[in-house]
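In this document, chain identifiers A, B, C, D, E and F correspond to the written order of the chains, with residue numbering beginning at 1 in each.
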Amino acid sequence: MVIGEVVGLILLGTGVFFSAVGIIGIIRLPDVYTRIHASGKVSTLGIISLLAGTALMMPEATLKLIVLALFLLTTAPVASHAIAAAAYRQGVPRAGAVRDDLAARAERPATTE
Amino acid sequence: MEFVPVIVVPFVLALAIVPASQRLRPEHQGWGLAAVLAILFGWLLALLPTIGEQGAVSAAISWMPQIGLNLSLYADGLSVLFALVITGIGAAVMLYAGYYFEDARQVGRFFALLLAFTGSMLAVVMAGNLLTLFIAWELTSIVSFLLISFKGSDADARAGALQALIITGGGGLALLVGLLLAGTAAGTMELSDLLAKSDVLRSHPWYGAIAVLILAGSFSKSAQFPLHFWLPGAMAAPTPASAFLHSATMVKAGVYLLARLSPILGDTPLWNTVLPVVGLLTMLIGAAVALRQRDLKGILAYTTISQLGALVALIGLPEAAGIKAAMVGILAHALYKGALFLIVGAVDHATGTRNIDELGGLWRKMPALAGVTVVAGLSMAGVPPLFGFVAKETLLEAVIAEPLALAVVVLSATLTVAVAFRLIWDIFGGKSRARLPQEEHREHDSHHPYGDDAYDYSHIHTLPGPMTAAPGLLAGLSLIAGIGIGALVTPVVSLAIGKTVSLYLLPPDGINQAFVLSIAALAAGAAIFATRRVWLSWNLPGLPGGEQIYQYLVSRVEQIGDVLLRSQGGKIRYYLAAILLTVVALLSTAITRTTIIYPAEMMAGVASAADILEIVLLVLALVATLASILLERHLLAAMALGVAGYSIGGIFLLEPAPDVALVQFLIETLATVLIIIILARTSEEERRRAITRLWGQTNTGLKRDVLISVTLGVAVGFFALAAVNSRPTPNTIAAWHLENALPQVGVKDVVAGIITDFRGTDTLIEITVFGMAALGVLTMLARPNPGKTWSLFRRPETSESPIKDALQEDAERPEPVVYRSHFADPVTQLAAGLVLPFAMLIGLAHLLYAGAAPGDGFTAGVIGGLGVALWFVVYGYEETKRRLRWLHPGPLIGIGLTLAFANAILPLIFGREFLAFTPIDGFSLADIKLASTVLFEVGICLTVFGGVSAILEAISHPMEVEPL
Amino acid sequence: MPNVLLIGPIFIPLAFAALGVTLSRYRTLQHGFGLIGGVLAWLSSIGVLLENLQGNILTYRLGGWPPPFGIVLVGDLLASVFAVMATTVVAAGILYALGCKDKCVRYPAFMPLFLAMGAGLNGALYTGDIFTLFVFIELMVITSVILVAISDNRLGLEAAIKYLFISAMGTLFLLIGIAALYATFGTLNMADIGRLLANDQRPLLAQAAAVLLMCAFLLKSAVFPFHFWQPDFHTTAPTPIGSMLSSVVVKVGIYGLIRMMTLMFTAEAPLIQELLIILGIIGIFFGSLGALRTYDAKRLLAYSTFGQIGFILVGIGWGTAAALSGALVYAVNHAFVKSSLLMITGVVSSRTMTKTARLSEIGGAGKALAVTSGLYFLGGLALAGVPPLNGFVSKVALARGGISAGHWLALGLVVGAGVITVLYMFRTWQWIFQQPPAGELKLKPVGDSPLAPALLIGLCVLLGLYAAPLLDIAARTVSQLSNPQLYIRAVLGG
Amino acid sequence: MSDAANMLVQAGLTVMVILLLPCAYRVLSGPTPADRLQATDTITTLLIGIIVLLALLQDSSFVIDISLALAAFGLVATLAVARYLAEGRVF
Amino acid sequence: MLFYMLLAVPMALIWVGITDRIMLDGALVGYGLSLGVLVLLRPQRRKVNWRRLPDQLVALAIYIVELFWDIVLSGVDVARRVLSPDMRLKPGIIAVPTQDPLESPIIAALSADVITLTPGELVVELEDNRVLYVHCLDVDATTATIDAEQARRIQLFGRIIGRSS
Amino acid sequence: MNILFALATGIMFAMGVFQLLRRDLIKAGMGFYILFTAINLLFLAVGAYNGSVPAYVDASSRPAGQPSDPLVQALILTAIVISFGSYALLLGLIAVSSRRFKTVDSDELDQLKG
């Protein structure tokens, strides 16, 4: 086993680990906002680390994987943000929230589903 | 050949008369046509010597030999006898008809129909081929239909016409089968050949069927009981037509056919039983019913039925004993009944009524017509020396040996005498009771016979001379033929039946039985006539006749129709359920007949990690699909479905089928976006209504649905199992594709090679389907917004827009004019700004490297479309359209398709096959293979890109999107 | 024999459709394309037929790939007969559309959709590849659904939704059948499948595949119990489209049935034939009685189609050479008759204020239209099988088939049902063209042009008077079909 | 790639695929639409990882193209649903 | 146009990445295609300041490195919470001013992205590019640091977009 | 695996049919979609070989192993595109139905009967 492969496997394992952690978060955390923290971030870390590992084991795909990673970095927070915003506008309750600065603002028009 | 003009001339004139009648006065037309028919009559007479020598003349043209149909004509004595009747009566009717109508505009049509009828009828009697005969036969039915409903605004006329057509047409169908069977059995359709095959036919197993079918056809046409009832109904026809068709000629077509086929099919127990029984029954019933009729034409119709019965019975007598009497009867009946019809028409014309109760004493006003009536009526009654007397004599002679038949004939003759006397006396004799028309200029063919009291008693419409002369001519002929029976009639009848007969006015060897019976019938008839006041007042119950059966059948058939139509209940669920159940039934039948072998190998469990993955993904797909069913809310169901779709994509990936997986992911995404858009489009209230009904269905309904789906699922599952297990090895086709992709079309991605080249046609059509579907969505939903419509060359938008009108009614839900979204914050906008160019680059990569990697023009198009969708979501519709001014979905589809077709057609120009792989050699940049395929990929991409954005836009913004 | 003519009926209209979408702003140009495309397709299909009559089965390898690896178009007599029928009617339909006053005809997508529908139809007939058959059928289905959905008749939408759902079932059956065939034989080429099926051993799924394909084709031809969509779909369509659907599009299933029974599933054919006779007779009576009792003049004709398809099925079910050729003649003649009748009804209803064909509103509407009345009457004669129109020829040909099959009960039922046809056709004629209108019936001064139906009726008359060529072609078609080796050899060589 | 590495990658892949199940549970159980949306989005992300691992196993770098497309368009679906949730319309 | 030509360079690099061809011809093709895409999409043009460009790139590189680091921290943080029995949650939404006097949407967006990618924080709403409403797992921890971090980030973003500070 | 595939196809098919029979047009549309997905699975199952590598031919870097059947993949692709086109059209029709008839309940689309 070459060194690249070992490091790659480690990174790969890290990625799988963080993915799993994120999924556990999705199950365990109490409300949608906190779950978004888990999924949006950990999946990102998990996948990026997984990509890095793969890049080491499959050098010819490195460029592609970098592009993919950049792209995930660009889109992941957007998705998280959009879901959170949607949830908030739908009036999804915040479990155990201690503070809400946004609630002070005028009600947004709440809508369907 | 020399008799062919006799048939052709009427048809030619029928075509010519309609334009000609615009210029000619009706009476001139009548005279002219009468003259023509008289000439044809003479022509036929002139044929007689030839026929006498040769027995028959014939002519034939091969027409449709494949179905045994030749245009073959055949004229022997029998034909000529009928043809003489047709042309002779026809001449008188034409003459008469020229004066019958006052509305000159109708005359041309009427004459055309009469002429067409004449031609068809002549063709019937001169047909030399069973099918030729049938064609002419059907033509007469059709013309009769048109003539009966000549006055289309009269409901009775329409009903009568239809009834006549149904009965004779139905009989015609039986006849057709009978003729076809006969032709098949004998191996020929030619009459002349059939004559020689009579033994073959009579002993053929099909004989019974043939005879019954042909008899049914003949009986229907010749108004035999119980199919007789259409004939009285047909009296709504203009009187000249009734005289011609429904008494003298068309109704005799059946008789003709029986006479014609009698040498071929006749003289069997069946024939000799059915014909006399039906004929005599008809004869008696007709005469009896005629007595109590009030309508003059009704009276004549029933006496005609009676007479037709007599003719049929005569033809059915064993050993052709009655054929002579039949021929004489045909001639005599044609003369006196034709005359009587014309007389009735004249009376109707003059008085405006045909009700015998309203008539009387007309002899003072119309002495000539009265005289004619006396002659014709007495001939009908069978008074010597008129032709009718001779006919009755021969009839009695023919049945003299059969006591029962003789009794029926005598009884019928008695009744007929009474009817004849009624016709003479109750119209012309006695007190004047005629109610006369008040208005001079009423339409004469539209009588309102009963119940209208607005009559003037002082004036009688004067009759034009020929309206008396025409029946006079026929009546006169009755007299002349009676007196000169030996010289005039004998030769024709002899010729017709092919052997010399003797006819006489008075029995040569003194008074015989027939003569006595004839005179007795006269006397008895006179007695019945004298006591008419008594029996006319009797209230006799009506017999249930054919008409009731007909009405009952029609209403029953209609009821069945209504029941059947109830199955078309309008609810799609039930339609689908019925279809699926049928398929389940058929498929299970097929599968149970198949023995499915389950090799042990396939039962073996999990083999590798990939298998575990596949199981997980399958489970995921199934669970998510199940969730999409169980989740009531549409949004949730859509999301569950999305998960299922992605899982399926994963399965594709494991197969491994990366190209399919890619498309699956893209399409799944697009489908999810689309369904969300639909949710936004449809009102929530509507959807909630539909949702609550989902599980609000009855338990039975749900059980039924579950049953259907489970059985179908099981069937398909078994099917799939069997399919999977019968994979052929080795598969030469797939191997060929794998082998040839790189060398032949230069692609590494074999799937791409198949899509663009090996099976390029599928792809070409598939994107056409996609493009068309998108255009459809666009057309259904879009409404034009002037000034926004795409234009290749500058052209102002016209103000009148068809689509605008069409959609006006749909536009009941107004769109919000200004919509400010809070969604488009900088975060999403930044992402959108980055993703779309990225998406386009990915799309371009797919496009240019389609042959080397997953993805192709199609995925490029979907990716582009999804990128645009992202902009729509983030920036909103208006803003996106403002930024992407080149985004005209409709034209993009058009250009895309055009490019795709250009790729397909270009190779043709270079002398290669349509859609052939045409590489452009000597060009290579960055491993991009330049071939005509690139054009194809671009075309696909544009079509799909345009299609995706068209669908998205049109569903989401139907009011604003440009139509095309 | 390779021949480039084969691509004409399919790809010429499609290419014009593509151009038409691109130049959608120029309606006249687009409609001109339509007519040219229709006529060129017609001419090329005739060319193919003429070539067939020389005794050749034409093939064309799309992309130049040899069968069974690539897709091949095959123009044998069966395909050609149906294709000539289809292109003739479609050309007439386009002509009608040009003179049609419906709003939907002026939609930019109308003509391209129409052309694509025609192309799909021709493609389904000429293709020698069973998967491509599916693709072409889908093209036809999708375009026709759209054309019905955009109809001026607002209920067209309802009909389109229903048909799309039901048609999807047909597509599913077809696809499952194709999957089974591919699983069993590893090929999609019909000749190849035929060759492999001709081996004595019956493969595992032959019967099931046959059943599924049969169901798919029955559904396309709206045979009981797959018929529910048909009356709705055919009558709410715009006149030029409805008259295609009910005459030629509905025949694709018939074509498919004949093809699968003669080329591929020859061993299963007897079983299928029995079923076809039963379904056909049910269809005859259901359709005829439905026509008798329905409420709309166009719907009546649609039900009539349901019945007429039944006649054709019975002919196929009888299975003898005479019966099969009778069925072919029947199918062709019915196409011309039905399309012209629907067009004529359209002409009348285009004069009414609401563009309706409802009998309650259309009574007497045709009283002033002498030519139209005459055309309808002739059409009625043809449909009822009255000589000397072409319907008579079909009837006789079919009845002779029945006699040759010795199927007396079916023969009796088939012929007897003709009475119902007479009843509903002529009653309707009287209703529309003879009786005085009830109350005040306002009519538009101009309506659709009766030119196209007049031409078609002319064709009906011609085919009645001069039917020998058609009968001859039908007989030759059947004799060609009776030897599937001819087809297989023409496609695969050897 | 050595056999051992191959096995390890397969194991990782298996874990990744099994991780789909809890996500699916979240999609099914909700409780709010936003929860489901977020879980769906996570499934997309996991799939991206799975595809990359598959590419590694199948030694076909072109398979990664699929994950590129998926990455781009998971976002579209997520945003469309999110906007629908937030505003009752997609665009 | 100059701006587009410059912008096309990273796009061409991405093209090279996605087509997996590290060759000049591929890059050239990518560059051309990227230009085409830009012409079609017409993003808002900016003035190109050649002198500032190196600094911009350096700032971008710093940003990316920091981002990665933040992601790692974020991952570890959330992982710790998720795997601990009580998850130590104290969630809430707090308002965070962007501290950008020009209220640039790009800066607001970048800030929101980075905040969302950093430990325990998630931007729920943006108000007029001025205030970010941040959901955090631990209100106290975030309140303590976020304003200072934001001030630092604004500096960096200003450099990235080439704003003269 | 084959049996699982067949099983899955059958179950998918059953679920699609059940969903298709709903009164709610949108749900029925989903059934339509599920059914076509099931068909794609079926096609995949009947592919000529149980491939272990994608059907790519590249002499230089192709890994060893049986390639999957490319023809079924092409067929599935065509089927997907066509069924998606139909699906989109169906959704469009539903949108128009909602606008024109104010309903997405198929039982209320019953003006055409008899």
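Here, contacts are C-beta pairs under 8 Å (C-beta built on N, C-alpha and C of every residue); 3 or more make two chains touch, one makes a residue touch a chain.
None of the values given here were measured: they were computed from a predicted structure.
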Message: Once the contact rule is applied, which chains count as partners of both chain A and chain C?
response: B
- request: With one step meaning two chains touch, work out the least steps from chain C to chain E.
  value: 2
- line: When A-E and B-C are ranked by contacting C-beta pairs, first place goes to B-C
Chain of greatest Cα-centre distance to chain E: B
Task: Could you grab the centroid distance between chain E and chain F? Build each centroid from C-alpha atoms only and quote it in angstrom.
output: 40
- request: Indicate the whole-number Å distance between the mean C-alpha point of chain C and the mean C-alpha point of chain F.
  value: 28
- prompt: What is the distance in Å between the mean C-alpha positions of chain D and chain F?
  reply: 21
- prompt: Cα centroid separation between chain B and chain D, in whole Å?
  reply: 60
Task: Please set out, as single numbers or ranges, the residues of chain B touching at least two other chains.
output: 565, 568, 572, 576, 580, 635, 656, 658, 679-680, 716, 723-725, 727-728, 731, 733-734, 737, 749, 758-759, 762, 766, 769, 772-773, 776, 780, 809, 822-823, 825, 827-828, 830-831, 835, 838, 842, 845
- request: Enumerate the residues of chain E that touch no fewer than two other chains.
  value: 14, 18, 20, 112-113, 123, 125
- prompt: Mind pulling the chain F residues that touch 2 or more other chains?
  reply: 20, 25, 28, 42, 46, 48, 53-54, 56, 71-72, 78, 82, 85-86, 89, 93-94, 96, 100, 106, 109, 111-112, 114
Query: Which chains touch which?
result: A-B, A-D, A-E, B-C, B-D, B-E, B-F, C-F, D-E, D-F
- line: Seen from chain F, its contact residues with chain D in the complex are 53-54, 56, 61, 63
- request: Enumerate the contact residues on chain D facing chain E in the complex.
  value: 61-62, 65, 68
Field: chain E partner contacts - residues on chain B that touch it in the complex
entry: 825-827, 829-830, 833, 836-838, 840-842, 844-845, 848-849, 883-884, 886, 925-928
Task: Can you check the complex and tell me which residues of chain B touch chain A?
output: 633, 635, 679-680, 684, 822-823, 825, 827-828, 830-831, 834-835, 838
- prompt: Contact residues on chain E for chain D in the complex?
  reply: 18, 20
